[in-house]
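Listed next: structures, encoded as structure tokens.
Next come two complexes built around chain A: one with chain B, the other with chain C.
Take a look at the complex of A and B:
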């Protein structure tokens, strides 16, 4: 059947003649194609591949200022033996897990709210997106002063409403500092997830909710059996992208705590920075960078896999 | 046709080449030497008028040299310098942690330039000061200005507490008596620095020195924060003020900025700081002008040393114009600019021949600081890993001890062990 319709739709030229006549042209077009993508390819090589290779090569060297010696995988061994690395990995993973869970939970709630709201929808969307629009370094500097123990607004407000009995050093005690950093990242990261989930919510046909309403489904049941299954792909994609974004978070920590107190907020990028620019151990810092890259790549591969599976399901 | 096109293209190319060559010749002939200059304090408001005037004067005196200041926040100063050095594009003139930079090969040895200068000029710097500008016997910078650490009191708060501002504390016991009197609701005697910068370490060292303690053995091969009983005693006394409630809360987030802001807002009555903190406090709160008392840090031994930071100007290892750079260093080190830096920006002169200058002698605050600084130990300490341990390991130890005051001894024993491992590993 397919063969017939295919042959019927073909123009008059026989396949063999066409092939014979155009083969040199096709070859030439293929090379033209390569030529067209060459500038982009060279640019990507220059800004991604070359630095990656250089970073990996640096991770195999011991650096003393301008002098380097090849040490093989010794830097990796030193990093993996150091207490600071394992502390940073633990801080990074707990920071990422907590932040992503809260981004998704709060982002989903806000997305559902914005999806239902009728009045001032545009104003509310812009308002909720504002933290995402502010440069992280600027937002962090503002938070640094809001959380300042003596003059900060947070202590003043919490104290005024009776939430705390004495002013807290939000960034001065390990558990409070970790919690504060998570809170600031949640403030910054929720809009991104909210935006993705809002787009997802708008793809769910209204008829499904109407039919469920006629069948007597409660709002909770509608959420459980309509919203969540329809949003599954969006939630997974948003979470994966958010993990990639959060695990390499540096700006908030660099501005607010520098990784302290006593390493309580020293995520892997902060450890990398401190190793490179405070301890001047570029080889070890590059090794940390490579290990961080492997961690991020694992989630990137997961993301690519998920989007490919979804695309294949959609095309069936 | 092809021949005409080739001729035309060749003509255009030839013309462009000639224009380029002529332009290049003209540019080389007129182009001054441009020296980039990077120090941590160019972005600080109090210093701006002095350095701008100095650069203009230098360029007027040396028409063939142009100074291009590199404005960078103090926090990013070292990062930017290291990145530029690694790319072999470091600014020719820099003021950085001299030992660490020299150890890493980022600086040029200046002995040939220094030795070629007249002896009378060289004698303006004491041997002790010049020793701190050397690494492994070679000179890597010329000391330009410094900061002398002392105790700065708010006269109004002292008087209000019933204390005599003319008789500031001499010993630790006196200081603790004052601390008790100066602490009341919403006001504390002082602030303990425990934030993640090396100012935490600087103030800690002043306490250790004031008790006759040391943080390294004589040949700098072993850390003695806990091993030296005098050092440990000083650490316990200083950090103990947090436990006793004499110091402002949240010391683990307190750096120079927070300390001076609290002082300017009358939240703390005294601060252990250098002369530049006075300019900052008075700028934040002009009502403090003329109401500050400066005295030597309370001490437990006679003639106890304080701490004197030293900022030297160096030449980057890859500087293509070291002669021009040396000219600028000599100009910057001139007595005229040393005095201006001291009078306008509160950067203390390092040259020992300036104490008798009329402009210095007429300023009682400056004279007090210079007098206190007569017996001071240079900072940073001459160790390649000093920058790392001063802003990292020592700060971590202070923070740990502040958060768990009963563990001070263990924490500083661990610090000694950690530093010793790093010393062996460097």
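Take a look at the complex of A and C:
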């Protein structure tokens, strides 16, 4: 198996084989395994499981002033009745769909270009990865300057080549702000998909293309009948991972718009953050978080199912 | 070296690659370009793409007038702390997983995978409540615990892969020679796993260094800001000094860029293991 598909599947763990002779000195200390794992296990319970349970509990409570009362699923009802939530869900889903589609389309194109490059591929790969390496908060700060309405270079360049006839407030108008956020996320997210698909392309035997070339297949036919079928698994896995990452993305929005103007970029994590830390409604924010979690978990289950099926097919 | 002949297809390919590269790297060029300009030239229209007036003045000024040094120190302390904690815990766990039959191991690894996918904004609420009730807001400890918690699943995941490549016969030979399990782990296996440990440590450091939202919520005192929060905070000022802001951004981005240089080989396995929080 290749490095990628190997790391996409779950790591192999020791299996106890039936009737296996116990090795001297090892079987007797089997419980040592638990001792080695215990610190990490206890730590994760303390810093992930406890907060997760508390988040769920918080979603059932309401705090006003100094009083906290149990309200059952009332927070969920309020959230589901609010226009802000449905707007946010719409923004989140269209943001994720647009970004992932463009990550995959551009990432695949770039990966195919780079796959044919013989010289300087390692250097190019690192160069293309830079947007993904730098902290999203820092990258977004740079984009704030690029998109600045009066002195930003984007306005200058776009009007110089005639794309726009007047300087735009890129983050000030709802539709422009949404488009700008998508553009920044595409800039940041393409390398991730490109790297995965490039690794996938390298698993396709060159002989397949050579044979197709001899048989007179056009480049388009080669793409359709060799590249796509071979790459299908990589594309599906990369998209699923990318959906999970993009739907949770908050840093870019936190730095660039905070969810505005008038909710145009308020994805679910932004709505959650604003509800919790601006409006101080922790209960409703936690309810939004649980709903977001359900959405992410659905895709996570899909991801695990995909990689597991693939690993089983691979080992057959 | 074979002779390189360029076909029209090659030329088209390189034109596309260079165009994509230009779009990818332009923001970085503009960041550096702006950081080197003197204040008045930043607001010049049309903007200058090269300037005879390039200097490092903005870097000096931003260090003198803003607590950038303090932000960097905070980021460094928190990132190193999180890295140390996470690498120790994950190395122990990965050893346990690869050397012993552990009941429920598969379930635990699956649990690790799910924790990597949790929306961090959901966890921040209870985490903030807990830290506030323990009086740990504005402490390094709160951030170190938070960063280790989301780096740990990834580290365990990657280290299981590395430890698996070290034959178990080596452990058994050490034990037959009279070493205890812990001695075997520390003196025999860890040195062999060093390349893997270094890679995991560097990735953890980058995750912590690049993180933003947790520090945004868990620090209120400007003296405790990490570099990402400190820089984003400068944007909110009345009149932003973009050359100084870009200088600060270059300083914050540089360590990560350098570390990635060392990590090129591990990128694919790390990226799929969820090395970077999107």
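Just so we're on the same page, the second predicted complex is superposed on the first by the 283 of 316 C-alpha atoms of A that agree within 3 Å, B and C clash if a C-alpha of one lies under 4 Å from a C-alpha of the other, contacts with A are read in each partner's own complex, and residues count from 1 in each chain.
Here is the rule we use: contacts are C-beta pairs under 8 Å (C-beta built on N, C-alpha and C of every residue); 3 or more make two chains touch, one makes a residue touch a chain.
Since this is a predicted model, take the numbers as computed values, not measurements.
Within the superposed three-chain model, A:277 lies in touch with chain B and with chain C [touch as defined at top]. Legend: residue contacts after superposition of the two complexes on their common chain; A:43 is shown touching chain C, with no touch to chain B.
Once chain A of one complex is fitted onto chain A of the other, the partner contacts of A:182 are absent, as it touches neither chain B nor chain C. Once chain A of one complex is fitted onto chain A of the other, the partner contacts of A:104 are absent, as it touches neither chain B nor chain C.
Of the two partner chains placed by superposition, A:91 touches none, neither chain B nor chain C.
Once the two structures are overlaid, the count of chain A residues touched is higher for C than for its counterpart among chain B and chain C. Using the contact criterion defined above for the overlaid structures, shared-chain residue A:287 touches neither chain B nor chain C, since it reaches no partner. In the superposition on chain A, A:65 makes contact with chain B only, while chain C stays out of contact range. In the superposition on chain A, A:172 makes contact with chain B only, not with chain C.
In the superposed pair of complexes, A:201 makes contact with neither chain B nor chain C. Overlaid on A, the two complexes show chain B and chain C touching the same residues of chain A, namely 148, 150-151, 277, 282. Within the complex formed with chain A, the chain B residues making contact are 78-79, 82, 85-86, 88, 100, 103-106, 194, 196, 248-253, 258, 261-262, 265, 267, 317, 385, 387-388, 391-392, 395-396, 399-400, 403. Of all residues in chain A, only 3-4, 7-8, 10-16, 23, 25-26, 29-30, 32-37, 39-41, 43-44, 47-48, 50-52, 54-55, 58, 106, 109-110, 113-114, 116-117, 119, 122, 124-146, 148, 150-151, 153, 156, 160, 187, 189, 191-192, 195-196, 199, 241, 244-251, 254-255, 269, 272-273, 276-277, 282, 285-286, 289-290, 292-293, 296-297, 299-300, 303-304 touch chain C in the complex they form.
On chain A, the positions that touch chain B within their shared complex are 64-67, 148-151, 166-167, 169, 171-174, 257-263, 274, 277-280, 282. Residue ranges on chain C touching chain A, taken from their complex, read 4, 13, 16-17, 20-21, 23-25, 27-28, 30-31, 34, 42-43, 45-47, 88-90, 92-93, 95-102, 105-106, 108-115, 117-127, 129-130, 145-146, 148-149, 152-153, 156-157, 160-161, 164, 172, 175-176, 181, 185, 206, 209-213, 216-217, 228-229, 231-232, 235, 242, 245-246, 249, 252-253, 256-257, 260-261, 264, 267-269, 271-274, 276, 278.
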